[in-house]
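Chain naming follows the written order as A, B, C and D, and within any one chain the residues start at number 1.
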Amino acid sequence: MTNTQVTLLQIDNYGPWTVTPEPRREADLQTLQSRLYADVSQFVGTRDGYVFFTRFDNIIAVTNGLSLEDHALLQESVDNRYPVTLSLGVATGRTPAQALSDATALLQEAGSAQDKNRRECLEGRTIDDAHRTDGDVQIAHFDVIDATGEYTDELNAFDTFIEIEQGYASLMRYMRRAHDSLAFFVGGDNVIVVCPDLEADAYEEAIHHVEDEADVELQVGVGRGDVAHEAGMAAKHALEGCRANGTRVELDW
Amino acid sequence: MTNTQVTLLQIDNYGPWTVTPEPRREADLQTLQSRLYADVSQFVGTRDGYVFFTRFDNIIAVTNGLSLEDHALLQESVDNRYPVTLSLGVATGRTPAQALSDATALLQEAGSAQDKNRRECLEGRTIDDAHRTDGDVQIAHFDVIDATGEYTDELNAFDTFIEIEQGYASLMRYMRRAHDSLAFFVGGDNVIVVCPDLEADAYEEAIHHVEDEADVELQVGVGRGDVAHEAGMAAKHALEGCRANGTRVELDW
Amino acid sequence: MTNTQVTLLQIDNYGPWTVTPEPRREADLQTLQSRLYADVSQFVGTRDGYVFFTRFDNIIAVTNGLSLEDHALLQESVDNRYPVTLSLGVATGRTPAQALSDATALLQEAGSAQDKNRRECLEGRTIDDAHRTDGDVQIAHFDVIDATGEYTDELNAFDTFIEIEQGYASLMRYMRRAHDSLAFFVGGDNVIVVCPDLEADAYEEAIHHVEDEADVELQVGVGRGDVAHEAGMAAKHALEGCRANGTRVELDW
Amino acid sequence: MTNTQVTLLQIDNYGPWTVTPEPRREADLQTLQSRLYADVSQFVGTRDGYVFFTRFDNIIAVTNGLSLEDHALLQESVDNRYPVTLSLGVATGRTPAQALSDATALLQEAGSAQDKNRRECLEGRTIDDAHRTDGDVQIAHFDVIDATGEYTDELNAFDTFIEIEQGYASLMRYMRRAHDSLAFFVGGDNVIVVCPDLEADAYEEAIHHVEDEADVELQVGVGRGDVAHEAGMAAKHALEGCRANGTRVELDW
């Protein structure tokens, strides 16, 4: 059974900071946001977690394997190197959406995202090592079948982008409502979804739903592990199986 | 009249590179993509352009003010510092979508995104300085009214994200179809749209459309300039006007 | 007694790469070198080690607390994100210079730094957790007394730099010969030295030597710990003691 | 005749910032310093200048071709993305050392490097385009003959480092005193020197001096141009000539 540990990282008072004393150059904000995200991805990723840029001022991570001390160190490192600070909420749950909901509530109780007195909160709890299992995390890696041939080499780059966005938006809503899962676009034509215990039929239905609703054809590889990196790498290999076998759904187990 | 210069930057042969000889760690791919985007944002942004991460392997930029030599230098700098290379297509057009369409076609004619022999193409043309005007670029900066109060401090972080994505997806489709405009989510609750010559009524209709279709309430500031930075900064200041005046649409002229 | 674990990180075949097919833009090489170093500093530093840029193509780190698996992961992450690769040699020793000597030999035996067939070696061993103690690492943090008043605000920036370099060169040679210690300039007017078990008199003599030979006045704080971060942070606090007390040598124990 | 435009970039109030409220993690300071330097290298380097890390809190650049507006933009971009700010002094001179001296004085007159009220000064002047010539910048690129064979593959990494540092320290002092030139170690076994108008004999004497004083054998390629990149790239090519021809000094003209 999955037991996903989810961390919500929120930049403190970011909206006001971006316009004080005056609006800041947009290209600089984009650079700051992207590099902050990249640093969080390295810190968490080299500890075998996964990080999704989400809205950049609110970043969601799967942090099974990271302790609260790890979270505090990340927070301190960001404070030493950036003009902004992060508040972190950590929670675990039967489903990824439940865990994220609890993580969000921890921060909301500490104060508004734009409360200038709320700085560098660290709230929540991680899973004791003794209670961790190989089935804690389930990751599904979807991509668009032959995106390069169907879209990238055929349509203009924005129309390709619209098609992929529509496919993502459809999958994201469906997986959230049907399965309490969290779906994230990760570049190219790839969407990574953090799931509870789902079997092949759930993924087949999701693929049919997106095909019907958005006319985008997906395939998916699914993996499990005690940490996001294990589950996600197994999912990537399973996805290579879809390419090799011409199948739409491949589970790593 | 607008005369948008658009550059499409495409990583050469990226899909195959990410899985050769084996699939690479996802967190490292995220870090690579984000930092490459950040570098492009700095190069173009300090030359007064705007860069949007789009799909990360395909990046769209508004490059009025940059020459082909500038583009070649960016390409060379990336080649010196990254394990991947970029192909660039540059075009201008009556509308942003037209310019992007032409920029895409230039690359498609040079070869597939996954053609291992297509490397570091640089195709297209820039606007002669003699033909540049203060009306070349129109930028609209939308954000969600009171996103922090309505969403961030109330819903769980993923449900907030879904709401903002739905608003973005709706605005993106509408602006593309109705106005040949290119809309990009830039973090937080912000969407920047690159437009042709539009007036206040076009923006009011867009806002109503999104409210009806996605139940998300937007406001917008719009600016013009000879370069994206001028137009975009004017748009940011106009958006501050929306906040100050309680209006939904503010044009900088 | 100290038991320093030292890692030598060497970029594979770097000299030839920088001039193939043609010499590369110097500013890009500087950016690549600095950012690679920064990434190594984050990876090792968040695991409580210290990293010194040294010659940039050869980087020296104190890695007590890091395992060989950690080293392999760092190597893999660099391979995924840079156009170059790293070979790593890890060794431990009674003195830092002895450990570094052994780490160097491990790489030299695997092949020349410019052997195009030598790629991503990982050789050596780390200290078993069972054998680690609080006295494994000794770090001394030197700085120039009132550098700002004496130099920065008085001389031109290069002449200040020459003075600080001469002080560093003198301290570096002395500490290597007298105490098998490794001294590294870390910016500003600061030099961090990795030492075996030394007492106050050894530091007093070092300070006198540098004053006589280079006419540069140093003060020093010294700390010990099971990892570089503990020892180094204790040294920083001890150095604040020099400032507060007007002393030249402060030991944290 | 050379007319070097030199910029001194100084982090405002850095010493106090690094220990307030407490000393900060050393690995984070190293990361911050290196990435700030890398960003300055990209900004100036893509405008054809050269940047040398020097002491990291004091960075020296050759900025022929950059205007005061360029300098202001760099300052603004750093302010938007880092927890520290930069003050900049720009000057030109018959010799590089003279220009740097004047640039330093401009900042010293504005206030101490640790004056908490001195923030983001921008003082000085750049060369009018009308007065720029192809001989404005002279760059000499030295390296150690067969460093890999003589040192890297033979000695331990620190003893190699000591040898190269001694060679650098000797060249740095000599070129400053004899020729008002600024020498910077740039990684590996390379030293780049910014010179006034010097001919082959001056370089031959410098090489003999370093051989006698430090027992390190150097070779050098020298180039000229209107900007550092042109002069420096010509110097790199000339240095390749030393390797090909077995000569010690090669001038590009």
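Simple rule for what comes next: contacts are C-beta pairs under 8 Å (C-beta built on N, C-alpha and C of every residue); 3 or more make two chains touch, one makes a residue touch a chain.
Chain-to-protein mapping (UniProt): A, B, C, D = GTP cyclohydrolase III.
This structure is a prediction, so every number in the text was calculated from the model and none was measured.
If you apply the touch rule, which chains end up adjacent to both chain B (GTP cyclohydrolase III) and chain C (GTP cyclohydrolase III)?
Of all the chains present, those in contact with both chain B (GTP cyclohydrolase III) and chain C (GTP cyclohydrolase III) are A, D.
Give the pair among A-C, C-D or A-D whose set of contact pairs overlaps with that of B-C by over half, matching residues by number.
The same interface as B-C is formed by A-D.
Given that chain B (GTP cyclohydrolase III) and chain D (GTP cyclohydrolase III) are copies and touch, would you call their interface same or different according to whether over half of its residue numbers are shared?
same
Quick check: more C-beta contact pairs in A-B or A-D?
A-B
So, comparing C-alpha centroids, which chain is the farthest one from chain A (GTP cyclohydrolase III)?
Farthest from chain A (GTP cyclohydrolase III) by mean C-alpha position: D.
What whole-number Å value describes the gap between the mean CA coordinates of chain A (GTP cyclohydrolase III) and chain B (GTP cyclohydrolase III)?
Taking the average C-alpha coordinate of chain A (GTP cyclohydrolase III) and of chain B (GTP cyclohydrolase III), the gap between them is 22 Å.
So what's the Cα centroid distance for chain B (GTP cyclohydrolase III) and chain D (GTP cyclohydrolase III), whole Å?
So the centroids are 37 Å from each other.
Measuring centre to centre with CA averages, how many angstrom lie between chain A (GTP cyclohydrolase III) and chain D (GTP cyclohydrolase III)?
About 43 Å, centre to centre.
Would you mind listing the residues of chain D (GTP cyclohydrolase III) that make contact with two or more other chains?
Chain D (GTP cyclohydrolase III), residues with two or more chain partners: 25, 28-29, 31, 35, 42, 46, 77.
Given which chains touch which, is the overall layout a line, a ring, a star, complete, or other?
Topology of the interface graph: complete, with all chain pairs in contact.
Which bits of chain B (GTP cyclohydrolase III) are touching chain A (GTP cyclohydrolase III) when the two form their complex?
Contacts found on chain B (GTP cyclohydrolase III): 8, 10, 14-15, 19, 23, 25-31, 33-35, 37-38, 41-42, 44-46, 49-51, 53-58, 60, 97, 100-101, 103-105, 108, 112-114, 148, 152-162, 164-166, 168-169, 172-173, 176, 182, 186-189, 192, 229, 232-233, 236-237, 240.
Mind pulling up the chain A (GTP cyclohydrolase III) residues that touch chain C (GTP cyclohydrolase III) in the complex?
Residues 39, 42-43, 46, 73-74, 77 of chain A (GTP cyclohydrolase III) touch chain C (GTP cyclohydrolase III) in their complex.
Tell me, which parts of chain D (GTP cyclohydrolase III) touch chain A (GTP cyclohydrolase III) in their complex?
Residues 24-25, 28-29, 31-32, 35, 76-77, 80-83.
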